[in-house]
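In what follows, chain A forms one complex with chain B and a second complex with chain C.
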Partner chain A sequence: MTVILNEGDSAGTTGAASGSPVDAAPEPGKAMTRGRLVLIRFMRNKLALVGLVLILGMYLMAFVGPLLSKWSYDTQDYTAFLEPPYSEHIFGTDKIGTDMFALTMRGLQKSLIIGLLVALISTTVAAIVGAAAGYFLGVADKALMWVVDLLLVLPSFLIIAILSPWFRGKSWFLLVLMLAAFQWMITARIVRGMTLTLKEREFVKAAKFMGQPARKIIAKHIVPNMASLLIIDATINVGSAVLAETGLSYFGFGVQSPDVSLGTLIGLNAESATTFPWLFLFPAGFLVVFVLAVNWVGDGLRDALDPTSTRVRRKEKKDTKEKAAS
Partner chain B sequence: MAGFLLRRLVNYVVLALVATFLAFTLASATFDPIGVLQQRNPPPPAASIEAKKRDLHLDQPIPQRFVTWMGGVVQGDFGRTIADRPITDELGRRIGVSLRLFLIGITIGILFGVLLGVVSAIRQYKFSDYFATLFSFILLSTPVFVLGTLLKMGAQGINDSIGTNVLIFVGETTPGFQGNWFEHLGDRLQHLVVPTLTIALGQIAYYSRYQRSSMLDVLGSDFLRTAQAKGLTRRKALFKHGLRTALIPMATLFAFGFGLLVVGGTFTERIFGWFGMGDWLVTGISAQDTNITATVTLFVAVCVLFSGWLADVLYAALDPRIRVN
Partner chain C sequence: MTTSEIQFDTPADPVVEGPVLQVEDLHVSFPSEAGRVRAVRGLSYHVSPGEVLGIVGESGSGKSVSSLAVMGLLPNSARITGSIKFQGRELIGQSDTELSRIRGRRISMVFQDPLSALTPVYTVGDQIAEAILVHRKVSKSAANKRAIELLDLVGIPNAAERAKAFPHEFSGGMRQRAVIAMAIANDPDLIIADEPTTALDVTVQAQVLQLLETAQEVTGAGIVIITHDLGVVAGFADRLMVMYAGRAVEKGKVDDIYQQPRMPYTLGLLGSIPRLDVSEKQALVPIKGQPPSLTDLPPGCPFAPRCPMVVDACHTAEPPLVDVDGSLEHAAACIRTNEIAATDAEGAEAAVEIFGAEVADEPEVAKIPREQRDVVLGLDELVKEYPVNKGVVFKRRVGTVHAVAGISFDVREGETLGLVGESGCGKTTTLMEILNLQKPQSGEISVLGTKSSEVDAKRRFAIRRDMSVVFQDPMASLDPRLTIHDCIAEPMQVHGYSKADINRRVPELMSLVGLRPEQLSRYPGEFSGGQRQRIGIARALALEPKLVVLDEPVSALDVSIQAGVINLLEELKSKLGLAYLFVAHDLSVVRHIADRVAVMYLGKIIEIGEVDSVFDAPRHPYTQALLSAIPIPDPVKERQRERIILTGDLPSPANPPSGCRFRTRCFLHAQLPPEKQRTCIEVEPPREVQAPDHEAACHFAQVRQVL
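== the complex of A and B ==
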């Protein structure tokens, strides 16, 4: 297993550390900044744009949607039990007459917040720990590598599930911390690999010989140079955090009542999905579409930020070949 | 070569032990079986609570409990559940149920995943490539518990339209089923299709993405052009030289894939009512039973590590550079 991770490390390193992007020649007489270049490349990717619109739309819907609906998640409609969707309840109602739209939006809110927080925390931790391990090497570095190996054997799902009796009845924020605590390690290893090459670069050495303390070198010279990787990683992590949270909540090991997440809704209604499909299909649909959108955006960002990634490189090769042929 | 594999094996055994110790410690520290017992109505007498505490070794420090439990495991005794039934009684049957699901699922997943990846790499930016990409993107974004339930609904639809229960999605076999060996096999197959598909579809998507990019890297390589230049047909060059090289990174991915599979298997077993190891884990944690949880963790660790070791063997078999060193 060590073999692969090392390979992944080196692949990541060559990926982002090599020179500046050269495609999309700037218009004559107009300087192109890197930000503009990335934006143009991202906009070229239709799926990524669709994904971005979907994600923004879902965040907006989760927080504004409930305000527009006349039903709330904690009121019941005693004239409608287990009704399929109709004009009054657009997502139908459950067996005690709660409006499914209100419930789904509430679940969506919680899942989206958890996803965003976990991604932010875990990517930040990964950047700091990975860069420090790569810069200082030594014991911290060895420990990090070993913990990542261990996590492969003991899936984080299992650990959080085992710990779930402990945070039952406590704030959902504990779950956020737990999810983040197990999501940063693999990114940290990639960051470590990139730091190893970055710290041999001239600008880092120059800063070092000018007497900058290690803390400043890491914060000012090493981490900003991995911004592309970290942005991509944070995006993808939102998706995987939502998947991890819903998976745990499905079994009752994650978000606990009275809180509701997409996972608890799906877990509660999966049993009756064949008879009352609307109870299951709406939360599940939102979950799948959200994760799909995150993956599309992540893919688009990778193509836009990292010009050496396979997809773009090959497409360019093909383009240049076609140009040469014509 | 033998030394390399032996070193990896020792490394894996240590990791499995540490993982199990960690799970045992965490479970012992967080679980409160006595609290569950005390909440019963009517509350059990103090004497029986004391007896239960002694039975579960709750009066001992956690490391000592682990040593006691591990001592039993070495002799094939995995301890008792809170309900005082020996774990070993159920273990064999549950492992059988889980392994059947895993092995068939992963075999189908790898075969079709690699095939799909190769085809979409060769036909890059053609319709079939876009279709395969969309298919795997959607599948990778669909968690197992959603996919399983959707397939269940689909199976229900098929059954309804045919009029008989062809695809059965509750349990792994019909309870009290009578018949000869062949009919038994048929019964098992009817139960097997939908859960296996649940596992396999995700695996196909997972492997096909990686196989596609690894095959694309190989397709642009010089040695493949050389192979064709020296007179091999394109098909022969692709499969004899290209695919073999493209499979090398896949061998190592296999170890990662297996962990994913075990977690996915837990959902699948719960959705379809299979009493396997994953189902046991959920029951064990819900009942706050340390022994069950530790046993399942050990099983997971052994599975993941065995697949990791198998990946090393495959890696050595596929890549001559490893064998030389």
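== the complex of A and C ==
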């Protein structure tokens, strides 16, 4: 019996040793087990991998593509107006002769960055604010929830519209911040509510009684247990951020001509969707693929983080059986 | 007694000869992703009128499914074959409408959770009246009147008033009474009670069992009582059926099964129950492993993988249920029944012999006299009160909940103090006060000689290293998102152990609590309740504490699993010299594991002392009542015992009675002459020494044997 135990023992430690160099996080012990396991579980999900490859591919295409193309989004080919795709312009041209490929890539650059960053920032803010308010209660809760309520009643569209002349020409990052600033409040309220129930769970109490400081309890126990909600929220936010930016751009705020985003391209070319489909289909297609890929990755992450997810687990069991057999 | 229009045993009820319920070769299976789950596999039994049949088994043995099949309450996806005859009428294949005519009127059911068995938005009286109106053509007022009578019958004081109350205004025990009232409302011929006492406190448990007995006397119905605790049914059931993996593995008369169990599983179940009436340390028998998955059972006896008596022949075919000991009434499904019969020992002792359980040694430190050992935890007149506020904008204080009203005790090195009492008596509040390590409202908590009112954050952090906690619910106490490794490693990370130390220690701890270290990268969800509780214990031991606070660590577990955890706790105590503060409401567990016991009632300790002294010669009437409420897994003893049934429920701690807090429910108080009663009402009894290391807080304390 002891021999078997020792074998398992050493197997466990070698696993740990091989895991640690991969991740040089401040808490390598934690990264070894949780981080690596999540990674392994994520890699098992084929659709999520496809999504990840798609997103990375689109980034690569958006930033490297224009370098390879001889056309730029702000130059025109006066020999080709409204041409369907052909060898010279692989995505066709619009009515003033701009290359659609260059336009779409430029738009993709903007939308990829805006979509992902806004989603990331707003969900992170929501998680931190909501969890802190729910965990600490008292004054912190009152103050934070007051901010949330205030932001909820402010007409976000108007404020961004009013402020946008001021940040015109400045960094696009300001737009991202503004968009994110008005997207986190409802999630924060939900997170606060979930924190209130999670806080009463015994494992949170156990962590408290072993002396774990509050911020670590929030980071280690409370936020991961809301991962499903946060990931779903983030994936939805990607789509809505792109749409919000489109809305703003349509009214002349946000991304301004001659610069383009996928949103402005779609808005501009929507009426030509049936007559000159390439004007509409390429930007719209990229947007759809982008949001879809984000959703797949989100699903995969959620399954990987959620230990009760049966799909991954059954595969895991099979794996361990195979290992045992070999 | 009654003047209403409906009475029990009206001539409309035909008297049928033969068994009320006859189940033959019942099979139930459910589709699942892993294949068909064969929950019940060839079950046969019968219940005669006025007979009580106990069905016993671990969770997942198919006992509830088989009774739901009788009620016709299984989902449509279930495939049911075989025969269920109720008073000679076949139930399988009947439509839901036809079954509805029988359900509730002829067969009724008492569920485990009385809270979810009642609709929260209707009054209790209305719900009972509804049960009558559905089946009988009577006027609404007659049904209401009848509902009040029934509530009165099940012992709810002020029935007319209480009938207008909503379920949430009832305590758990009262709700279960209301559910039983509903079950007997239509004078059924068969009552199925599915773990009717599991969710209740011990004192209430006794009341409910007694009530079921009354219900049976009044209605003359046959009763099927389903439970996982062999102790509960010992005095109540006439016959017993033990189920395992969807089949009956042993059945017979109650006395036969308790005295001459012939199937190793029954033996194990019997041996796993801690006995209240045994003073010397008795070895508990844990049944190793878990019930098999019912999707693809291997050939052979399903119990073989967990059986201590397994031989090769066990794996070839599943043994049929055959008569043993030449008795037609006693049958067991085991090929080695004769060998079990050959052992001299009876019941639980045979189990200890066959399963080879051992009593853990006394820890080294226990050999030193108690007075010379260090005090690990000391409480001195600890008080915890909560304000009761009213109003939304302007909160004003309208009262105070005296959750803990000045309690004192100490726990010394290497000893176990059991803290017992009903729910709502302040046990958990006391624990939380100790674990929070803040300055108490009044009184003093000292851990290892350091007073909690004088410590700063740094010192408090250091104390946490020496004190750890194991919670009641193994599902909730482990973070479902962390792997087992991370769960156990967490306290060490908090207290700054190096990574190498943690990686070395975690597998050690896993082996210490009897789990395999190669399971470390799994999530808690993949473990059973008992295993999870072991992980919780491993986490509590990670920092090598001196004191472990255990908050009902076994009450959420099956009896057979519970035995394993208790054994583990005892073994660890002797190996590591730990001190335990063991909070529980199950006195038999406390008797088994504790050295000293403190009984709490409404925020006060009313009796405290050395465990044998308190259990064998209880001085306080409340302790006597508590002890008498605990069932003993011995049908002969159990039938002879006299139960002290406490009337009513725990008074509200916001408004405790004056003088002695227990006087409102005290049987002793009720018998006293008025001038002595005045003492109880006016003077709060102090804790007085009754015997060496035995104190009780009662003006008229006297020894009474209740076991």
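What we mean here is this: the second predicted complex is superposed on the first by the 176 of 326 C-alpha atoms of A that agree within 3 Å, B and C clash if a C-alpha of one lies under 4 Å from a C-alpha of the other, contacts with A are read in each partner's own complex, and residues count from 1 in each chain.
Here is the rule we go by: a residue touches a chain if its C-beta (ideal position, glycine included) is under 8 Å from a C-beta of that chain, and two chains touch if they have at least 3 such contacts.
What you are looking at is a predicted structure, and each value in this text was computed from that prediction instead of being measured.
S.K.: Should A:166 be classified as contacting the first partner (chain B), the second (chain C), both, or neither?
M.R.: first
S.K.: Now for A:225: first (chain B), second (chain C), both, or neither, which partner does it touch?
M.R.: Once the two structures are laid over each other on A, A:225 reaches chain C alone.
S.K.: For A:153 in the superposed arrangement: first (chain B), second (chain C), both or neither?
M.R.: First partner only, chain B.
S.K.: Under the stated touch criterion, which partner chain does A:284 make contact with: chain B (first), chain C (second), both, or neither?
M.R.: first
S.K.: Per the contact definition in the header, classify A:197: touching chain B only (first), chain C only (second), both, or neither.
M.R.: Neither partner.
S.K.: Which of the two partners, first being chain B and second being chain C, lies in contact with A:296: first, second, both, or neither?
M.R.: It touches chain B, and chain C stays clear.
S.K.: Between chain B and chain C, whom does A:205 touch in the aligned arrangement: first, second, both, or neither?
M.R.: Touch status of A:205: second partner only.
S.K.: Is A:111 contacted by the first partner chain B, the second partner chain C, both or neither?
M.R.: neither
S.K.: Looking at A:37 after the superposition, I want to know if it touches chain B, chain C, both of them or none. Which is it: first, second, both, neither?
M.R.: After superposing on A, A:37 lies in contact with chain C but is clear of chain B.
S.K.: Identify the overlap between the chain B-contacting and the chain C-contacting residues of chain A.
M.R.: 310.
S.K.: Which residues of chain C touch chain A once you look at their complex with the stated criterion?
M.R.: Those in contact with chain A are residues 33, 435, 460-461, 464-465, 467-469, 471-473, 476-483, 485-486, 489-491, 493-495, 499, 502-504, 507, 511, 516-518, 520-521, 523-526, 536, 539, 543.
S.K.: What part of chain B is in contact with chain A in the complex they form?
M.R.: Residue positions touching the partner: 15-16, 18-19, 22-23, 26-27, 30-32, 124-125, 137-138, 140-146, 149-150, 152-153, 156, 213, 216-217, 220, 249, 252-253, 255-256, 259, 262-263, 266-267, 270-271, 281-282, 285-286, 288, 293, 297, 300-301, 304-305, 308, 311-312, 315.
S.K.: Mind listing the chain A positions that touch chain B in their complex?
M.R.: 1, 3-4, 7, 149-150, 152-155, 157-159, 161-166, 239, 243, 246-247, 250-253, 266-267, 270, 273-274, 277, 280, 284, 287-288, 291-292, 294-296, 310, 314, 317-318
S.K.: Okay, in this complex, where on chain A does chain C touch?
M.R.: Touching chain C: residues 5, 8-9, 11-13, 15-16, 20, 27-30, 33-34, 37, 201-203, 205-207, 209-212, 216, 220-221, 224-225, 227, 305-308, 310, 313 of chain A.
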